[in-house]
Each structure stands twice: as C-alpha cells, then as structure tokens.
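Okay, so chain A shows up in both of these, paired with chain B first and chain C after.
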Partner chain A sequence: MTPRLQVGRALLVAPALLPVVVVVGTGLTATALQSTGLMPLVGRAAPTLDAFRGAAADQDLVRSAVLSLALAGVSTVLAVVVGFLLAVVVLDGRTGGRLVRAAAVATIPVPHVVGAASIGLLLSDSGLVARLTGTGAGGMPQLVAGPWWVATVAEYAWKESAFVAVVVLASLARQHGELAEVATNLGARPFHRLRRVTLPLAAPSLVAAGGIAFAYALGSYEVPWLLGRTAPEPLPVLAYRLLTDLDLTTRPQAAAVGMVTIAVAVVVLAGTAALLRTTPRSS
Partner chain B sequence: MSGHRAAASRARGPVGATGSALALVWLLAPVVPLLLWAAADRWQFPSLLPQDWGLTGWRASIDQGVLAAGARSTGLGVAVAAVATPAGALAGWALARTGLRENRAVSLALLAPIALPPFAVVTGLSTVVLRTGIPPAVSVLLVLTAAALPYTTYVMRSAYVGYDAGYEDAALSLGASRRDVLTRVHLPLVAPALTAAAFLAFLVAWSDYVVTLLLGAGSLVSLPLLVGALASASGNDSTVAAASVAAVVPPVVLLVVSGAIARRTGRR
Partner chain C sequence: MYGGDARGNSYVDDVLAPAAAELGVRLRRVPVADTQDALNRVLTEIQAGRDDGAVDLVWVNGENFRSGQQAGAWLCGWSDRLPSTRYLDPDDTLLTEDFGTPVEGCESPWHQAQFVIAYDSDDVADPPGSVSELLDWAEANPGRLTYPAPPDFTGSAFLRQALYDLGGGVASVPSAYPGSRSADITEPLWDRLSQVAPSLWRGGETYPRDLAQLEDLYREDQVSFTMTYGPSTLEQLVRDGTFPAGTRVLPMEGGTLGNASFLAIPANASDAAAAMVVADLALSPEQQLAKADPAVWGQYTVLDTQLLPPDVAAGFAALPSSDVVPPFARLSEGALPELSAEWVAPLEEGWRERVLGR
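Up next is the complex of A and B:
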C-alpha cells in the first residue's frame, strides 16, 4: 500500500478512533493512577497499594466481587437460554412468532433504569405478581431487595434475553430457513433439527451476545441499586458509594474497585473470545 | 412459490401456541404494571386493577421536571447521534473496504467501550474533569459519543461490506460529478444503515445512567436519572410509572419510524 493511501485510511478512521482512544485511555490511566496513589486529590503522589488493601479490609471487596460475578453469570446464562428460545419461537413462523419478534425488538430501547422500575412494580411485595397470586404481606417471598437478588437477575435476564434473541435472529436470517427445510426433507424431527441445525448456527452469536450481556451486567449500577439489598454491595454500587463519600480518602478505594471490575471483565471477555474461536462457524 | 411455502410449513418447529404465548408473557409482563400504574390515581393492595383511573401520575411527574429532563435527554441523544453517525460511517468504510479490515488493534480499541465497565473508566475521568474544569455537559457528551462509536462503526462496516461501488462508477461514467455521486447515489444507498446507526447512537445516550450520574455532577438530570430518583423514593408508584413511560415512548416511536424509513429507502 502506498503511503498516501495509508494516510487516507488513517484519516477516515480517526474521527471514530480518536474519541474512543482519548476517553477510554484517559479514563483507564486515571483510574489506575488513582488506585495506586499516583494521582491523589490532595498531598504528594507516592506509589502504594493501600487503596486495594483498604477496599479489601474495610469494604468487603472480595464479597462484592463474588456477588457481582454471580449476578452477571446467572443473568447471562438465563438471558442466553431464554433468548435462544425466543428466537426459536420467532423462527417457527406463526403469527405468534411475529408478535414475539416485535415485542423483543421493542424491549431493546427500554432503558435499564425503566426496566428496573417496571420489575419493581411487578415483583415487589405489593406488586402485580403478589396481587395475581393473592399472597398477602409476609406470604410473598422477598424478591425485591431480598437475599437472593431475584428482581435484579430478572431485570437483566428480561432485557438481555430480548437482546440475545434479536442478535441471533439477525445472524440466522439468511441460512436458517433453507437448512431447516433440507433437514426436514431429509426426515429430521423438530427437536433433532433444533439441536443439529438451529443451535449450531446460532452458537457464535449466542456466545458473542452472552459476552456483551455479561459485561453490561457486571458494570451496571442502577439495576442493583434500585432492586438489590444494601449489603453486600455489587462492585459498581460499592464504587459509587466510595466515590461520593464525604471522606475524600475513600476515592482511591473507588478506583481500586474499578480496577478489580476491569480485571474481571477482561478475563471473562478473553474467555468469551477464546470460546468464540473454538465455536465452529457455519459460513 | 407454493412448494416453497409447503416445505416451510413442514419445517415448522416444535413450538406450539403455548410457546408463543409464554414468550409474549415473558417479554410483556414487566410492561403491564407500568402501563396500569401510569393510568392509576388509586390502586390499593390487593386489588387486581386500579380503583380510580386518572392522570395524577402524569401531573406529578411534570411537577418533578419530566419535560425538562426529557428535553435534556433528547439533546444528548441528538448531539451524540450527530457526531457518532458520520464518524462511524467514515471508519466503517475504511474498515470494510481497505486493508484495515484485518487490523486487530483498531478492532480491539473499538470494542473497549462495550467491554469495559463504564463506571470504572468514568471513576478516573471524573477526577480529570474536576481538575481540568471541563464543563459537565461537555464531558458527558464526549464519553457518550465514545460509547456510541463502536455501534455506529460496526453497523456502517456491515453495510459497506455488502456495498456495490458499481453504481457509483456507472454514475461517474454517465457524467455525474463527485458531489452528485455522493448525494444522489452513495447516501441513498446507505440511508437505511445510516438511520440504524443514528438510532443506536441516540439510544446509547438516551438510556445512559452511570456516565451522566458520575460526570453530570448533579447539574445534568437526564430522564433516566429522574426515573431513578423517583423510583428510589417510595409511595409514588404512579409518578414513577408516568416518568418511565415518558422514557420509553420516544425511542420506541423512533424505532418504528426509522424501521419504516429503512424499509422504504431499501425498497426503492
């Protein structure tokens, strides 16, 4: 490639690449420096791991990390399974399928904070489910702000299942119909076809969408803040409390929590990428 | 054609009407109490339906500033879409049609805003913003644009992978100017993708919570922040529901409209 062409394509990518590199680069660097004492709000910069030690000792960082991993993991598995089933319903091609596709697409633009408010109105002890089942006060298990984080997981699973379904349907649009037909003509029974045609075709987009859903759930603040209990706190909720604490010395701890969350996200997404490489591609 | 349809109907899956109904219940259940509460003046437990219907929630949410918050969110969404869509289109072209296609560094950099937890990146940024004195609204706009760019770039890259430049060559050989080719051939051909990209960019800004919370410094109350504040207080379910509906209707309408535009221009 000639130098002129190289400059040309660099200029084309720059408007998109520069804001991303500047924002993510500055943010990551500043968070890393703050967590290691190299960018204090007051006083002299000196390298230290006190923020990590403090977060682990005083703030139950490890418990928060385990909780965040569990919340994101369980809701991602639910979203991938339910999302795949939603896609199967749509592919079935009845009128109901078209309605399901429309409902899934319409769920995408719902902001998560609205999803959280809605799940609250659905699952709280005076919510619609309690009214439908006729369980009075005390009879309904505590789903919102309860010990099992049911409402939080339900919100992620609900929103992200729609996302998974839409991604899978988009990736299957071209090949699935023909291949399913061929399989049927060769005598495949419906469940056989589901397992041997639909699932393998959908696998790469299921893994990719699952990775994105996990990253979102791991870093989301508003959903566990509204629907979860106050202790233990998921990582984003813990970080926000430390960041906005009147005591300025907890700010580096907030950055330390951020660094731990980034590490978890990177490890899981590297795993997703590895899984994606081993998932056989259909085309 | 009828043979095709017969085969398609034989290719039907194991899903019955029950499956479709269950799928619809799963997707629509959270919306039901929202819509009922938005139209309820009084809905005491354990009644299945509101005792009194009315618009109290809407009046209360307007008193709480839902209109101003909606205007701020609209401004954020439009500004982010206006920057991220053309930038994504240029990058999408370069990634689809030049040697950059295999460039892993570029792909990884563009994946970062989706992969990394936004609160962790913004934690450090908030200190930088404090020190440099960048206005909160500008910093929110910049971060949300960076968050939207992966989506616009990816959508435009997919569109340009399948783009047939032959139409442009034909127009050029028929004597069209470069400018004509851009406005009358190129842009109409990629209009559906541009619409989809702009919609996604708008949505990133419209739905954001944590970036506006951490960088807006309390001065930028977007619609999601208002919904969050209302929902965290108790006892005003109809107000929460009204503000929530106000946060859902505009993007859903945009989705329908942009879908219609994409279909119309796509058919032409």
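Up next is the complex of A and C:
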C-alpha cells in the first residue's frame, strides 16, 4: 500500500475513530488517574497503589474477578454454540430458518436492561414460568438471585447468541452456498458438510463475535444487578457500589476495580486477536 | 429527585411546577433512581471544575447531604433566609440537624418521614411489637421475612431501627458516632441478625436488592412484612390492590425512626436564585398542605401547624384518615432520632462483613 493510500484510509476512518478515542480515552485516563491517587476528590494528589490494595483486602476483589470471569466465560461459550447452531438452521434455508433469522435480528436491538427485566419476569419465583407450570414459590428452582446465577447467564447467552448468529450469517453469506453444494456433489453427508465446510468458514467470525460477547458480559452492570444475588458481586456491580458509597474514600477503589476489569478484558481481547491470526482465513 | 414514586412525580409536575411557573421559574423534574446518582453527577462536575452545573435543586437528606458537605458540593447560607421559614419551629432539632449533620443554611426542609414496618394481618395473627420480636417471629415462620440489602436506603434504615431495638434503645445508642466504642454497641445487632439469617427468605443467602424488590416479594405473598420510610405510599398501594387489603402498620412499642428531608442547591448550580424561589415555594403553607393530602402525595409537613394561618391549619385538620396507616401524630409518638450520618457507612460495611459474609 502506498503511503498516500494509507493517509487516505486513515482520513476515512477518522470520523468514526476520533469520538471513540476521545470519549473512551478520557474515561480510561480519568479512571487510571483516580485509581492511582493522582486525581483525588479531596486532598493532595500523590501516586499510590492503596486503592488496589484496599479493594483486594476489603472487598473480595479476587472472588469478584473469578465470578465475573466465570459468568462471562460460560455465557460466551453458550452464546457461541447456540449462535452457530442458529446460523446453521438459517443456512438450511427452510421456513424455520427464516423464522430463526427474523427472531435473531429482532433480538439484537433489545437493550440488555429490558432483556434482563424480561428474563426476571419469566424466571423469578412467581414469574411466568412458575405460574404456567403451577409451581408455587417453594417449588420453583432459584434461577433469579440463585446460587448458580442461571438467569444472568441465560440473559447473556440469549442476547449474545443472536449477535453471534447474525455475525456468522453475514460472514458466510458469500461463499457458503457454493462450497456446500460442491461438497454435497462430492458426496459429503450433512454432518461432514457442517464439520468440513461450515465450521471452518465460520470460525473467524465465531472467535471475533465470542471475544466481543465476552468483553461485554465482563463489563456489564445491569444484568447481574437485576438478576444476580447480593454476594459475591461481579466486578462491575462491586465497582458501582464502591463508586456510589457514602464514604467518598472508596471512590479510588471503584476506579481500581474498573482498571482490573479493563485489564482482564484487554487480555481476553488480545487472546482473541491472537486466535484470529491462527484461524485459517477463508478467501 | 427520586423518580420511583408516581405520586411524587405527579405532585411536582402538576402542582409545584405550575405554581413555580406563575413566579416565572421553569421547574424541570429530572428523575433519578437514587439520590446518590444526582450527587454523583454534581461531584463529577465539581471534580471536572465546571461551575455551570446541570443540577439546580436536589431532594436530599442524611448521608447524601453529609457526603456532599464533605466535598463542599452544597451552596450554603441561604435556606434560613427564605420567607416561608417563619412557619417553622426554630427549636426543632429534626430541622436544624440532618442525621446529626448541622444544616447551617445549606438545605431547606421539605418533608417529614417516619420509618414503618407493615405486615399482612391475614398472615400474622399476633403482630410483633419490636424488631427483636419480629426476628423471633421469623424464626418461628422461616422464609417469611427479609429486608432490602444495605446500602439500599430502606435496608439501611432497618439496620438503624434494629440497632436501637437490639442495642439497648436511645439511652445506649448515641446519635453521634462513638468511634472505637461502636463495636460494643453493634455486637448484639450483628450476632442476632446473622443468627436469624437462616430463617429469612432464601435462607438469608441473598437479600432483595432494593425496596422495590421487597415490595414485589410482599405483593406476591412470598414474605409477610414490608417496610418503608414513606408510610403514606402504603395507603395508595392497598387501595389500588397492589398490596393485600389486610396490610397494616406494625405498632412498635419503642417508637420508630423519624427524619426530615430537604432541598439542597449544588455549589455549582447555574440557576441558584431560581432554585431558592422553588425551595421557598415548596415550603409555603399552601404547597405543604397540597402535598400532605393522601390523594396528592401524602407527605407529612415540616411546618409547625400552630404557627400556620387558620385556614391552612384547618385544612391540615381536615385531611382524611386511613385504616392502613395511623395518623402522623400516632406514628411519630416516641419517634427515635435518626443516628448521625457517620453511623451509616460503618453499619453498612459491618452488615456486609458480619451478616452477609457470615
């Protein structure tokens, strides 16, 4: 690529890139400064790691981090598997496929907070499912605010599987039909077609969409707040409680928890990028 | 202001805002889920050095007022000069101190409130008369009691009410935070609350995240008790069928917590003068009477009814009575003074450590 072409490309993406860099950059800088004592609300600025130590010692930071990783990990795996299967159903091209595609597309614009409220109405002790099945408050398993965070994972898995399905479908649109036909003509059974054609073609978009879904689930506040339990708290819930704590001295700890969340997300996204490089490109 | 109370919202939009408009002030209500959100916005603005703040007036009290004072976030020296203050009892400590923090002209009184615990008389034959009897009841009826997890406002108030009841009453629990001595005072509270936890809803392993969720549980008949710092809402909830018809306020022998809430102006407000006009209007006898009507909002007045013009005083006397909630004079009998705001954070932290993390 010639230098001139590169400048041209940079100019083209600038309108999209600039606001992101300014907004996210400012937020990240402020969080980093607050977590290291360089931007205190009261008192003088001095570099310190007290906020991190405090968060680790008083707030069960490690337990929160493990919980957040588990929630995001399990829901991402579910979303990727279900999303891929949905895409396969759509590619099959029957009426059911069209319905699934419509359902997936309709799910995308639903905000997570609305999704979480709906899951709550569906799965809570006296929710729709409990009423339809006639189980009273005692008979219903504890899905909302229960020990296994079922409702939280279900919400992420449902919303993100639709996202994964749409991304996979978009990436397969061009080549999949022809290659699948060729494979069929060469005698491939449906399972082999799935294994040798669809899955390799979909792999890059599955990895990319999975990475995005994971980062989202890791940093999202409203879903575990609405559907989770009081303790332990996922990282974003912990950060928000510390940020709004009456004791203003916990605000740096909130920023520290934010930095930990960001660090975990960056590691995962870097891993995703590395995985993408090793996945064979389809072209 | 807190936007989760439909009648509060419609009082401000339909009664207070038009009256303010007549005085030439456009009052725009901005709902927040929690007053901390409004304070947080002000603090963030101040931290960023902005002096044209987006927030002009905040409905606030207690711990949020104190947090704001700590950071110099409130405009001071104005509220004691409002014309309507002539109807206030100047010696009422409820109005000169906000949870132990001196008001010092930094906020103007708006409502009085009384903490109440309510029960469903169809479930509870012999209503308990104190928090310790309530906890005994929970052990006899496992799974039928819970309270919102602090730092929820109502859950935090329940902790303070329980501290008075279990810690030996007003005589042994000082309003000012006693520092290192506090551990002795709170010990019985943590002991009893963690002891009773397995008998609470969901075995005390999780708690309703806020009052709204506790009210859902009560409405769905999963628990037999709910609680609130705004008892007048109960009447409305029973009347519209949300709460069971048998809902009654628990008569508490030792009295319950009482407080006043206020309107404060952020130090960086862009329209401080207009905000003062609204604060004075909100304190005027006519507005205080209008919002005291249970059909409008049902918020108890901060004014001294003996100092009021006769027609307004007669209006207060003529307010309708309720089966669910006793009149304010009965509710506030032997009212317990609110603990200093410095108590709140250690109590919430102690609860998290000793009761939740048991």
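By our rule, the second predicted complex is superposed on the first by the 265 of 283 C-alpha atoms of A that agree within 3 Å, B and C clash if a C-alpha of one lies under 4 Å from a C-alpha of the other, contacts with A are read in each partner's own complex, and residues count from 1 in each chain.
Following the convention adopted for this analysis, a residue touches a chain if its C-beta (ideal position, glycine included) is under 8 Å from a C-beta of that chain, and two chains touch if they have at least 3 such contacts.
Small disclaimer: the values here were computed from a predicted structure and weren't measured.
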Should chain B and chain C be called a clash or a fit once both complexes are overlaid on chain A? clash
After the superposition on A, what does A:225 contact: first (chain B), second (chain C), both or neither? both
Could you tell me if A:113 is touching chain B, chain C, both of them or neither one (first, second, both, neither)? first
Tell me which partner A:126 touches in the superposition: chain B (first), chain C (second), both or neither. both
Examine A:175 and indicate which partner it touches, taking first as chain B and second as chain C; both and neither are also allowed. neither
Touching A:145 in the superposition: chain B (first), chain C (second), both, neither? second
Just to be sure I read the superposition right, which of the two partners does A:9 touch: chain B = first, chain C = second, or both, or neither? first
Who does A:243 touch here: chain B (first), chain C (second), both, or neither? both
Chain A residues touched - chain C or chain B, whichever exceeds: B
First, second, both or neither for A:41, with chain B first and chain C second: both
After superposing on chain A, check 20-28, 74-82, 128-136 or 200-208 and name the one in chain B that bumps into chain C. 128-136
Do any residues of chain A touch both chain B and chain C, and if so, which are they? 39, 41, 126, 225-226, 243
Residue numbers on chain C that touch chain A, as the complex places them: 34, 36-37, 40, 43, 47, 63-64, 66-67, 70-71, 149, 151, 202, 205-207, 209, 220-222, 341, 344-345, 348, 352, 356-357
Chain B partner, complex, touching residues on chain A are 1, 5, 9, 12-13, 15-17, 19-24, 26-34, 39, 41, 82, 85-86, 88-89, 91-94, 96-97, 99-100, 103-122, 126-128, 130-132, 134, 136, 155, 158, 161-162, 177, 180-181, 183-185, 190-191, 193-194, 198, 212, 215, 218-222, 225-226, 235-236, 239-240, 243, 251, 254-255, 257-259, 261-262, 265-266, 269
Help me check something: in the complex, which residues belonging to chain A touch chain C? 39, 41-42, 125-126, 137, 142, 145-147, 225-226, 229-231, 241, 243-248
In their shared complex, chain A is touched by residues of chain B numbered 7-15, 17, 19-21, 23-24, 26-34, 36-37, 45-48, 84, 86-88, 90-91, 93-95, 98-100, 106, 109-110, 112-128, 142-143, 145-146, 149-150, 152-153, 203, 206-207, 209-210, 213-214, 223-224, 227-228, 230-232, 237, 240-241, 244, 247-248, 251-252, 254-255
